[in-house]
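Labels for the chains are A, B, C, D and E, by order of writing; each one numbers its residues from 1.
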Amino acid sequence: GGRVTVFAAASLQGALDEVVAAWPGEAAISYGGSGAMARQIAQGAPADLVVLANVDWMDWLVSEGLVTQASVVNLLGNRLVLVGPADSPDLQAIDAAALLGRLDGGRLAMGETRGVPAGIYGRAWLEDAGLWDALAPRLAETENVRVALALVARSEAPLGVVYATDALAEPGVRILYEAPEDPAIQILYPAAPLTTAGKELFAHLRTPEAAAIFARHGFAPPGAAP
Amino acid sequence: MTLAVTLAHAFGDFTLDVGFKAGPGVTALFGPSGAGKTSIANAVAGLFTPREGRIELGGRVLLDTAAKVNMSAHKRRIGVVFQDGRLFPHLDVAGNLAFGARYAPRGAPGPDRAEILALLGIEELLSRRPGTLSGGEKQRVALARALLARPEFLVMDEPLAALDGPRKDDILPYLEGLRDRARVPILYVSHSVSEIARLADRIVVLREGRVLRAGPVADVLSDPEMVPLVGVREAGSVFEAQVLGHDADGLSRLGVSGGTLILPRVDADPGKHIRIRVLAQDVLLSLESPKGLSSRNILPVRVEALHQGAGPGVAVSLRLGEDRLLARITARAAAELGLRPGLACHAILKATAVPRGDVGAAHE
Amino acid sequence: MTLAVTLAHAFGDFTLDVGFKAGPGVTALFGPSGAGKTSIANAVAGLFTPREGRIELGGRVLLDTAAKVNMSAHKRRIGVVFQDGRLFPHLDVAGNLAFGARYAPRGAPGPDRAEILALLGIEELLSRRPGTLSGGEKQRVALARALLARPEFLVMDEPLAALDGPRKDDILPYLEGLRDRARVPILYVSHSVSEIARLADRIVVLREGRVLRAGPVADVLSDPEMVPLVGVREAGSVFEAQVLGHDADGLSRLGVSGGTLILPRVDADPGKHIRIRVLAQDVLLSLESPKGLSSRNILPVRVEALHQGAGPGVAVSLRLGEDRLLARITARAAAELGLRPGLACHAILKATAVPRGDVGAAHE
Amino acid sequence: MFEPAEWAALALSLRVSLVAVLCSLPPAIAIAWLLARCRFWGHGLLSALVHLPLVLPPVVTGYLLLLTFGRNGAVGAFLAEWGVVFAFRWTGAALAAAIMGFPLMVRAIRLSLEAVDPRLEAAASTLGAGRIATFARVTLPLIAPGILAGAVLGFAKAMGEFGATITFVANIPGQTQTLPSAIYAFLQTPGGEDSALRLTLLAVAVALGAVVVSEWLARRVARRVGQA
Amino acid sequence: MFEPAEWAALALSLRVSLVAVLCSLPPAIAIAWLLARCRFWGHGLLSALVHLPLVLPPVVTGYLLLLTFGRNGAVGAFLAEWGVVFAFRWTGAALAAAIMGFPLMVRAIRLSLEAVDPRLEAAASTLGAGRIATFARVTLPLIAPGILAGAVLGFAKAMGEFGATITFVANIPGQTQTLPSAIYAFLQTPGGEDSALRLTLLAVAVALGAVVVSEWLARRVARRVGQA
């Protein structure tokens, strides 16, 4: 009984709200950054269920003994895309020369590459694609991926690396390229119940209706290319 | 340079409604506490805009509420010495003085800085902060600062109230000099009849926001009806005298219309006209010319009128040549001597009774 | 209640080093601007801690730097009237007065609020803000506020400097009453010899941070050597007189040790002893007793000594019965009359010459 | 136009801000007094300490608060025994807001204190008023403009504070979700800009109201203190 | 102990903060003067506007800055024609820091202004000093304590500002990566606390130094103005 408190990654707002609205129970969702939430849970935050945007922080919770490894489920997946302002033409090729040409002295907006998950993933992808060295001096790293999206939408930056979910909802940008699936760089939203009270909602999140709603917002099932 | 002032204003139930002319020379604003002296001084300086009024200085209109003219204070070139000094706390004394000098028009006449410092005895204060000065020291610095700005007209709001007697005596001659030499007209606000008698040419007597009397100092102060206003102790007559000569024993001979007076040496060259003030209470009357008296000054006078006041005293107007001399004696003495208008008698005046502070240079 | 003060302090090159006793009654601190009067007053009130010193009031040690005793100002029960009023700007006049009354000990003696308001003429100011009061009005309110706090000892730092003559005359009798009836000892800082002569029992003359003279007012002010210090105009003698009777024409008869004086009515009952002050310059000397003179007061005196000053004047000490009378005449007159110690002559004193402000009730 | 959750966030923000300002005023006055009037060893250090919340990124402040006042924190564990819990309660949001606004309040009050003429306090003491009475009846009314200014700054800061708050007490609707946290969350959401804008306008309206009221109050106070 | 990139972040933070404070002082003084001395229509509105950066979540402020001063923003596009570009430059970080600290500076200066005795300005005018001269030679020195306090608050705020900065100009090492952005990044990573702590201590040390220097300066100023 009572209200279930969910700590969830900020980027899930909207989708998660809808999913929880379809659940008969009562829930309050606290959205925030993954790192902050993990630390809060370590300090005794009254969370019944946690959904992070980053596996590292979930691993950290496990290593702190706050979550059992067995209870962790990768709930959702996401994908990185390369976006440009809505009026930008197609890219001819995805190589350093083409990208630098498109930047034309401008900057590539993406999440902060050490702390913000989208930035960390983006860097891994650029490194894998062999573009990192060329692009690293041309980055504009933002505090969160939404700001990177806004920079592109406002044409402040000619290119940006953001989540597909964000790009879909923003009419100011168009997707120029989708990052290929790479088992080494899995963008996952791990979830775990923290109390028995959280288990029921946790189960609801894994129902097909929930999956449908998530899918409508652009999220992919974990580990599967959409 | 004449200042013409008309003002009307109301503060709660106090209403100010005055009109007067000031200058050339020194015009005194005299009146009890709360009469409106400071309000008038501020209006002239441009620090207070009355509801209605017109202020003109030597042809320049400083204020005309009807014509919506209101010249700002810094353009009026009216210097002010405030009751409360108002030194700048962030500047030392030298800095305050420099501030005064900074905006003075180049080449404006006036005594130089060293002279002013010496006169006011503030050379040793130059590096002091206003906060560490005593009340009198502050006021002296404020005075110097205003003088250094070389104003065309000076307003002084009880500038000497915080100074002790000797310092006052030191400064007064300088103010006279300022009036006579630099010809800066002054509006001088004061409680002190003796300062006014000495400095001022004209006096404007205020009471409760209205002008009660205005006119030449000699006339107004010699008027027996002013006795209750200026106070028994300060009532007296003011008249002009010509310096006849200086004697070796420190006395000067002065010619007045009705005879010769012998007074402690006055600070004016023979031939000069000066103004002297004789307090009513310093004059004795005698029916016959007394002998063997320490007083040097026994002058024939004629009784003009007797004015019985509220107390035991009588103010006696005396004709001394062309001047009027005021004596204050007891009613009992008046009766015993049989004083009546037209009676000839002798006025006795001690040589030392015309105090230094009351002998001023007449304004020519 | 006696106040014993010893202080030493240095401000830059000004050093203060004084010791004196004050009270019962009124003790005047007299000295030129910058002599250290305010510093002493502040030390007594507990607002300034000198480097070294000891202050004791009626057995209570207020300060003893050697014993590291330093009672805080609010416990000293020493009321202060400041030179600059220091009204609280956030309170109206009524609020300022209430502040004064708030911490007064219950049942402490003194005139009631209505009486004080009436005396100082501030009933109509009660709802005004300090910022809208004129200089004199402020000072009157400050005076009332200090009185309402019912202090055991009052320090007044030139409290009347901003008041005009008539207001001063109104307040002075009240201060006398305070001294005589409420028996509150007062340390009275002033430039004005006439205020001091009237109010004070003892005087401490300061100059440049040091005590130059201290003693009963009568002695110090009657001393011819004080003439340059108090100024020629203010020098005079002070002595006691007994009220013999009041006449119908507004004059009073007073017995002094050397005869009878007739003065404008004094405010004391027959039989009472009062203090009178006679300015040196108000005294004339005559070898023979003059006739037909307006002056009622012709007293036989004997010349004690002549003191030639720097100017043309001579101060003559006269023995009048047991008292000393001071006359100031010109050296020329002294020579012509042949004045010399031991000579008997007549002192002439106008009835109106002892001004109201200078007749004070003697402290018993 | 606004959803119940949004009204709740507004109500919470107001409550948090008011409580933060009211509770931090007395210590702010005390510390401002210490800094303005006393010379002591560590004066500069205390002043620096007071400024810290301004210098530290709010997230760091929030993190430090979490470490200190969290259920497992040094102070938090102790206080919990007495039944006082800040972590993940609206009281924690108030604490965070109070701490973030503290330097602003102290500075404003201190400036006013330094402008008070000490001679007026001296006059009060000669009238028999002790230190505390003098402070309450003379100093305090005279620094009213500074206190008001400090309160307005503190209130505005509290209304806008979010970095420390969200780090310390999370973002739980109805419990710790203040207006700025709600705005932040919306900004993280695809398509949430409109909602963020609405809430921002709400916050601006409230703050504007507070400032206007304070200006009016300030004029009254200034008239009382005789400066207008 | 510190990496070159971290030193660079520190140097940038210092430069940004100093420039922010220096450039915003004149307008802060002007607006404080307007608010303290003039009665005009929209007085309350202006005051509220000045407080806005305090009320708005920094991210919103940063977003608004982006909309206004971005290359395609209303003002930004215009300024770009004149060669003034804020986006992705350290100047943009300074602009953000200046705006965030603006309310603090204005308040401190305004409080000081309101405490200036207008009779001193009147005295200056009777000595022939016009409005500007009076302001420069009397008012300004008298409000030095307030200006100093405002500058310290502004500097401290600028050293800690990060939300608006990173939103407006992102985080470009050597250009816009200030100390707080670096700290923030470390806090986002598990195990990054130590690095964050190191940088935090660095920021604290700098701010502490600034406050201590300002206290010393304030005492000198106060002695000059005769309040100590």
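As a convention for this text, a residue touches a chain if its C-beta (ideal position, glycine included) is under 8 Å from a C-beta of that chain, and two chains touch if they have at least 3 such contacts.
What you see is a predicted model, and the numbers here were worked out from it, not measured in a lab.
Taken together, chain B and chain D share the touching chains C, E. Ranked by how far their CA centres sit from the centre of chain C, the chains are topped by A. One inter-chain figure worth recording: chain A and chain E are separated by 35 Å, centre to centre, where each centre is the mean of the chain's CA atoms.
One inter-chain figure worth recording: chain C and chain E are separated by 59 Å, centre to centre, where each centre is the mean of the chain's CA atoms. With centres defined as mean CA coordinates, chain E is found 56 Å away from chain B. One finds 26 Å separating the Cα centroids of chain B and chain C. Multi-chain contact residues of chain A (touching two or more other chains): none found.
The set of chain D residues touching two or more other chains comprises 59, 63, 184, 187, 227. Each of the following residues of chain C touches two or more other chains: 84.
According to the touch criterion at the top of this document, the contacting chain pairs are A-D, A-E, B-C, B-E, C-D, D-E.
Residues of chain A touching chain D in their complex: 5, 7, 10-11, 13-14, 28-32, 36-37, 39-40, 42-46, 144, 146, 165-166, 168-170, 217-218. Against chain A, the residues of chain D that register as touching in their complex are 59, 62-63, 66-67, 70-73, 87-88, 166-167, 170-177, 184-192.
Those residues of chain C that touch chain B in the shared complex are 11-12, 31-34, 38, 83-84, 128, 132, 134-137, 140, 158, 161-167, 169, 191, 230-234, 247, 249-251, 262, 264-265, 281-282, 284-288, 290-296, 311-313, 327-334, 337, 348, 350-353, 355-357.
Put simply, chain A touches chain E in their complex at residues 33-35, 38, 56-57, 59-60, 107, 109, 112, 114-116, 139-143, 147-148, 150-151, 154-156.
Those residues of chain C that touch chain D in the complex are listed here as 45-47, 72-80, 82, 84, 86, 88-91, 99-100, 102-104, 129-131, 145-146, 149.
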